[in-house]
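Chain naming follows the written order as A, B, C and D, and within any one chain the residues start at number 1.
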Amino acid sequence: ACGGEGSGGAASGKDDGKIVMGFSQVGAESGWRTANTKSIQESAAAAGIELKFSDAQQKQENQIKAIRSFIAQKVDIIAFSPVVESGWDTVLKEAKDAGIPVILTDRAVDSPDTTLYKTFIGSDFVLEGKKAGEWVKQEFASAAGPVNMVELQGNTGAAPAIDRKEGFESVIGSDPKFKMLASQPGDFTRAKGKEVMDAFLKANPDIDLLYAHNDDMGLGAIEAIEAAGKKPGTDIKIVTVDAVKDGMQALSDGKINFIVECSPLLGPQLMDLTKKVLAGETIPTRVLTEETTFTQDQAKAALPERKY
Amino acid sequence: MTNLMKQRLFWPVAMLALLLIGNLIFEPGFFSVELRDGHLFGSLIDILRQGSPLMLVALGMTLVIATGGIDLSVGAVVAISGALACQQIAGLDDQGAVGGVLVAVALALLLCAGLGLWNGFLVGVVGIQPIIATLILMVAGRGVAQLITDGQIINVNSPPYKTIAAGFLASIPVPVIIAAALVAAVALVIRRSAFGMLLESVGGNAGASRLAGIRSRRLIIIAYVACAVCAGVAGLMVSSTVSSADGNNAGLLIELDAILAVVIGGTSLLGGRFSIAGTVVGALLIKTLDTTVYTIGIPPEVTLLFKAVVVVVLCLVQSPAFRARLSRRQPAEVSA
Amino acid sequence: MSDREPVLVMRGIGKRFPGVVALDGVDLRLFPGEVHAVMGENGAGKSTLIKVLTGAYHHDQGDITLGGAPVAFSGPHQAQQAGISTVYQEINLCPNLSVAENVLIGRAPTRFGRIRWSAMRRRAEELLARLQLTIDVSSDLGDHSIAVQQMVAIARALDVDAKVLVLDEPTSSLDASEVDQLFRVMRALKEEGIAILFVTHFLDQVYEIADRMTVLRNGRLVGEYRTAELSQLDLVAAMIGKELEVLENIEEAPRREVAVLERGTPVLSADDLGRTGAIAPFTLAIHKGEVVGLAGLLGSGRTEVARLLFGADRADHGQVLVDGAPVTFRGPQTAMKHGIAYCPENRRTDGLVEELTVRENIILALQAERGWARPVPRGKQDELVARYIKALDIRPADPEIPVRNLSGGNQQKVLLARWLITEPKLMILDEPTRGIDVGAKAEIQRLVVELSDGGMAVLFISAELEEVLRLSHKVAVLRDRRLVSELDNTDGLDIDRVMEAIASGGAA
Amino acid sequence: MIDLKTRMPSPPANLARMRSLAMRNKYLPVSATAVLLALMYGIGVINYTGFSDTQVVLNVFVDNAFLLVVAVGMTFVILTGGIDLSVGAVVALTTMIAAGLLEKGWPPAVALPVVLLVGATIGLGMGCMIHFFEVQPFIATLAGMFLARGLCYVISTDSIPISDPFWVSVANKQIWFGGFFITISVLIALAVVLIAAYVLSYTKFGRDVYAVGGNPQSAMLMGLRVGRTRIAVYTISGLCSALGGVLLSFYMLSGYGLHASGMELDAIAAVVIGGTLLTGGSGYVIGTVLGVLVLGLIQTIITFQGDLSSWWTKIFIGILLFVFIVLQRAVTRRRR
């Protein structure tokens, strides 16, 4: 059932001039990630690029192994979403020595040697946090008393969690009007988001705002808020990140107030850049994903053609 | 005997009480339980409600551990159960139809029973070491769950399905009732039949049990099936809570919590003697610990340290050797 | 002897377990160059005294001096270092290690910290040869019969440069020649001035080897005697604390009438039954009301015969017939369904579930037969268990304590009780009197006679030939894993003839 | 008393047969694993071009050197009948401390011993808890796991890059021979394997490990220092985890609290697949090496397959594990 033909493909790509790309994905830890994978697979097919896909099951070791194996298989280009920022130098040097260009997607690496990869295409998580913070600041601009906030973080240690917290704080932190009552990890999942929100609601009777690092946790929290007899979006304002379909639905239903988009649809841009790199064109070292933010009204308009 | 059982449970119960009181200090309203719209509402109720899936998984795990085994696949089973149920329900014309939801739930539990049978077969018949036998399903099972959901989160909008986790019956949350009913059922079977004793015998000395004519194979299979079905019910609860199925994250690492609950409850991982009541206390203790983290507002960076300290303290106070040493400390005993 | 200084003195030793006072003010003196027996009924406290001595248990009261200096060992390791070498009652070795290692682990020969395996094997072979045991010392200990394991445990203790040698029921599973061999060695050690503490339930052995003895009863000291000055009758009286009526029972222990049994269709017969590598194909029939004894040296295959007949091992040759009809054994449960019971020789690994209670252990087989869905009603359990605790005099008579807390002999009785309550047609008893005190042994022998008179067939295995002869209608002789002859227990049959059959490997 | 003069010595032919049989039984699991591993490799070579390249095999070592070291430590623990769940966390903590110290400018010559010491100390602590206070190993080491991961986050929730020249040079050093290369980590791992194999079969301590695993009660009565042995194996495991962490930090050149997540299961699986019994007392380090190779080869096959979706990857791993373990079991099964 699982793909029979074992095209080990050391040479398979080169002969017919077809580009072979090795792509190492983090895993399939969220709907966002799955949409990301799908986008890459589909756009590769559309661009006529042969994709060697490898799933790292959330482990950096596995990604390094996969990249090594791509080098051994002599692919034309390697792209990957690093699980972690650090620790890629050795294997990227191997790729460079083998003359295989590398493109980073979704998350960056912190290597000082920027010649190890051609470009990084993805969102700026810190910026996302800032966007969320700015909306909050604006939304509560006229509010008098202290604004009581709670935060649902992503997995402890995950880059988007750290950055989105940092971005948000950089905007809000200085303003004494805003009070962060509690901030706990909800592990990017709905179930955990709900559980943590349950506890927040018990401990803090008047919460004005919830900032969730992704839609899923926000959606879980909505359930908790409703179970506590409050109205999400009204009694408690909610801002989240991602803009997946379910999040957009809740946004247009008025249960979420604002979503900062973090698009998983990196595929087309990636394929585009791939061709440019292999054609020897110079490309910018940082390509930002085309992303926006959504208010409730914008969500209503965008929802019908939302794919993921 | 009953006296001894009580003693065995004394320390976990004391620890649970201590944690609850700790919460009370940080949050004066912690113990308040009120009736809101005819529903019981409050932090204590939350602990029971949120603890229900863990309690069920731990319940099944207790039976498996009693045979001297272990089941690492429960987390995957939790995910598969929710995934299949939601996938079925999502395909219904009318998601609100009770009949359709019941069929979906039954299918999910049936599949779980099948998975338990698979584990039981590998352990009891093929004779593979339990940790490895169930590791196979632990790894592959998550893949299966994601295969069912196509890696996405499947949403359902089904009031009957939602009842499993969010409903109330006679003011009491439905998941609590389900968990209590299953615990009671298992306890009853154990008390009223010889199942518990034979299980303990197999776990205590498999060779001697065989020579005493016990069909351990059958018992082992039953234990793994029961465990998987319990995990399946837990999986339904988990997915019903958020009206969606998340093949990757549902029940992630629940096996560790469940094993911890069983052991805190006084059951040895070596098999043999087990205590259902202990497991229940253990599960509540773990859930309370989670809640405590949120209530006290322990920073995420030190949450694990906090848990480590609690587990260590709990193990130590429960350890007779530790208490003996403490009380022996004063007069310089010539023991060394 | 007593003019010399005692090497070991235990004074006023007290030890209590939850609910039981195992030792209460017990004194013991041990002189160099003597064999000193500790005597007492099952549960009298002999093993506990030994474990207190070696630091395996912490005692609550009393003190111990070794070579004049007070000692308090934190564990057997220290005791060993101080020159006390011990063979504990239940064989305490590591079945997963080789025989050689079991003999020498902890003091294996090394060079620059590297274990010299060949030297170790040689040394182990030598030590075993001292006990006239020739086995492959690199084989796993667990592959050997309990008797061989017992010999290995003894060999281990002998290797130590010890002042005191403690032997807790080392002979319970040994046959006559092994016992003889052991005594020879003990005498030699005695000559070297080693003090030997010896526990056994065989009175003959005590009178053969011991110089003095200490008698315990219910955890209390009865007295210290010179063997020569205490008659067997007085010894038993001291142990039991009752006067002669019990003794009379023992004296008149049953002797099987030379039976003329009308033998119809056998309850169970083995037709050319065998298992490669374990026992050569044999044919044997056991009839209703008949006691068949199995005789043979250790390792001759008696246990293998028993296990095949119970379906514990799968035969690869021949067939089993129950009441004349062939039956395929799918495991012990098939045998049990046909009314066969098997009381294994190694109670610790094959018999008891140590953490279960006495009651649970007793009803285990009965319950297994009924399946888990049909529990034996609690009332019936209590009644049955109470009956057998009383009948076999299991002590302490508390059905709800874990069986692991019972003394060795009492554990053996629990195992017997387990099978008796299943009321089998055929009872296979593999060393049922191992570690059982004189009184209880007579009881068990009487029980066997009663049961067979009542129509039960019994296959009786014991290292004690007297016992086998006394009880059996027929004795099957094994040698080298082969059934070599079958002797009817008629007038002419005596121990010598059985021994002869064993030795010559053919009919006498 | 009967005196039997005619004792029959066992026929030597029979003895030799028994001996070879016993030998075969003893090494059967390991040899079976080796044969199956070769088979699996063969299948890979047939199915995938480029698989037969020697470097592919060497890469399995390069990519799993740290796991190998960790699994060797785990072997000691499992041989005594224990288990160590803390290894992955200790590996992560090691990378974190090392990265942290190097970042602060500590010289490698100081940082290296410090991290090894930390690992060993954590192991020692858990060993003491297990021995002195009779806490079940599963729980004690679970607490150790919480503690070590918790400490990681206390140091930093973010990952810390390592740019120390020594570390970088070791990490990048490739030892070439005949067109193929291995890394220093591989050499270190192989050295650890050899030392462990020697210790286990040729030193008193090693044999004590087996004895304790065979029957701790008996081992105690045999006068072996059970407590010391037990504490020592957890210390060794802690030390090996720390060394594994150092190798991982060579591999990744970073410290991170989420490194090596789930590695405890990989290590346990490797040990058990290598034929070591979880009940203790039986197994070999060479088996563990084979076990690691099996896991590594499965991983390699999956990358060469190259077209598996995320969930099929998991299912495929499960299937390969299953096939391997069942075959292994079928080969080694003893007739009952």
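Just a few scattered comments:
The rule is simple: contacts are C-beta pairs under 8 Å (C-beta built on N, C-alpha and C of every residue); 3 or more make two chains touch, one makes a residue touch a chain.
According to UniProt, the chain labels map to these proteins: B, D = Simple sugar transport system permease protein; C = Simple sugar transport system ATP-binding protein.
Computed from a prediction, not measured in an experiment: that's the story for all the values here.
Between the contact lists of chain B and chain D, the overlap consists of A, C.
The chain with its C-alpha centre at the largest distance from the centre of chain D is C.
Between the Cα centres of chain A and chain C there is a gap of 71 Å. Spacing of chain A relative to chain D, judged by their CA centroids, is 35 angstrom. Centre-to-centre separation of chain C and chain D, using mean CA positions: 42 Å.
Mean C-alpha position of chain A lies 32 Å from that of chain B. Contact of a single residue of chain C with at least two other chains is seen at no position. Residues of chain D found to touch two or more other chains are 153, 157, 309-316.
The set of chain B residues that touch two or more partner chains comprises 146, 151, 300-301, 303.
Pairwise chain contacts in this structure: A-B, A-D, B-C, B-D, C-D. Interface residues of chain A facing chain D in the complex, by the touch rule stated above, are 1-3, 6-11, 25, 27-28, 34, 37, 52-55, 57-62, 64-66, 68-69, 72-73, 83-87, 89-90, 93, 110-112, 155-159, 162. By the touch criterion given at the top, residues 47-51, 53, 55-56, 59, 62-63, 99, 153, 157-163, 168, 171-172, 248, 251-262, 299-300, 302-316 of chain D touch chain A in their complex.
Interface residues of chain D facing chain B in the complex, by the touch rule stated above, are 129, 132-136, 138-140, 142-144, 146-147, 149-151, 153-154, 157, 265, 268-269, 272-273, 277-278, 309-319, 321-322, 325-326, 329, 333.
Chain B contributes residues 72, 122, 126-129, 131-133, 135-137, 139-147, 151, 247, 256, 259-260, 263-264, 268-269, 300-308, 311-312, 315-316, 319-322, 325 to its touches with chain D in the complex. Partner chain B is touched in their complex by these residues of chain C: 58, 72, 74, 310, 312, 331-333, 336, 342, 344, 349-357, 360, 364-365, 367-376, 400, 418.
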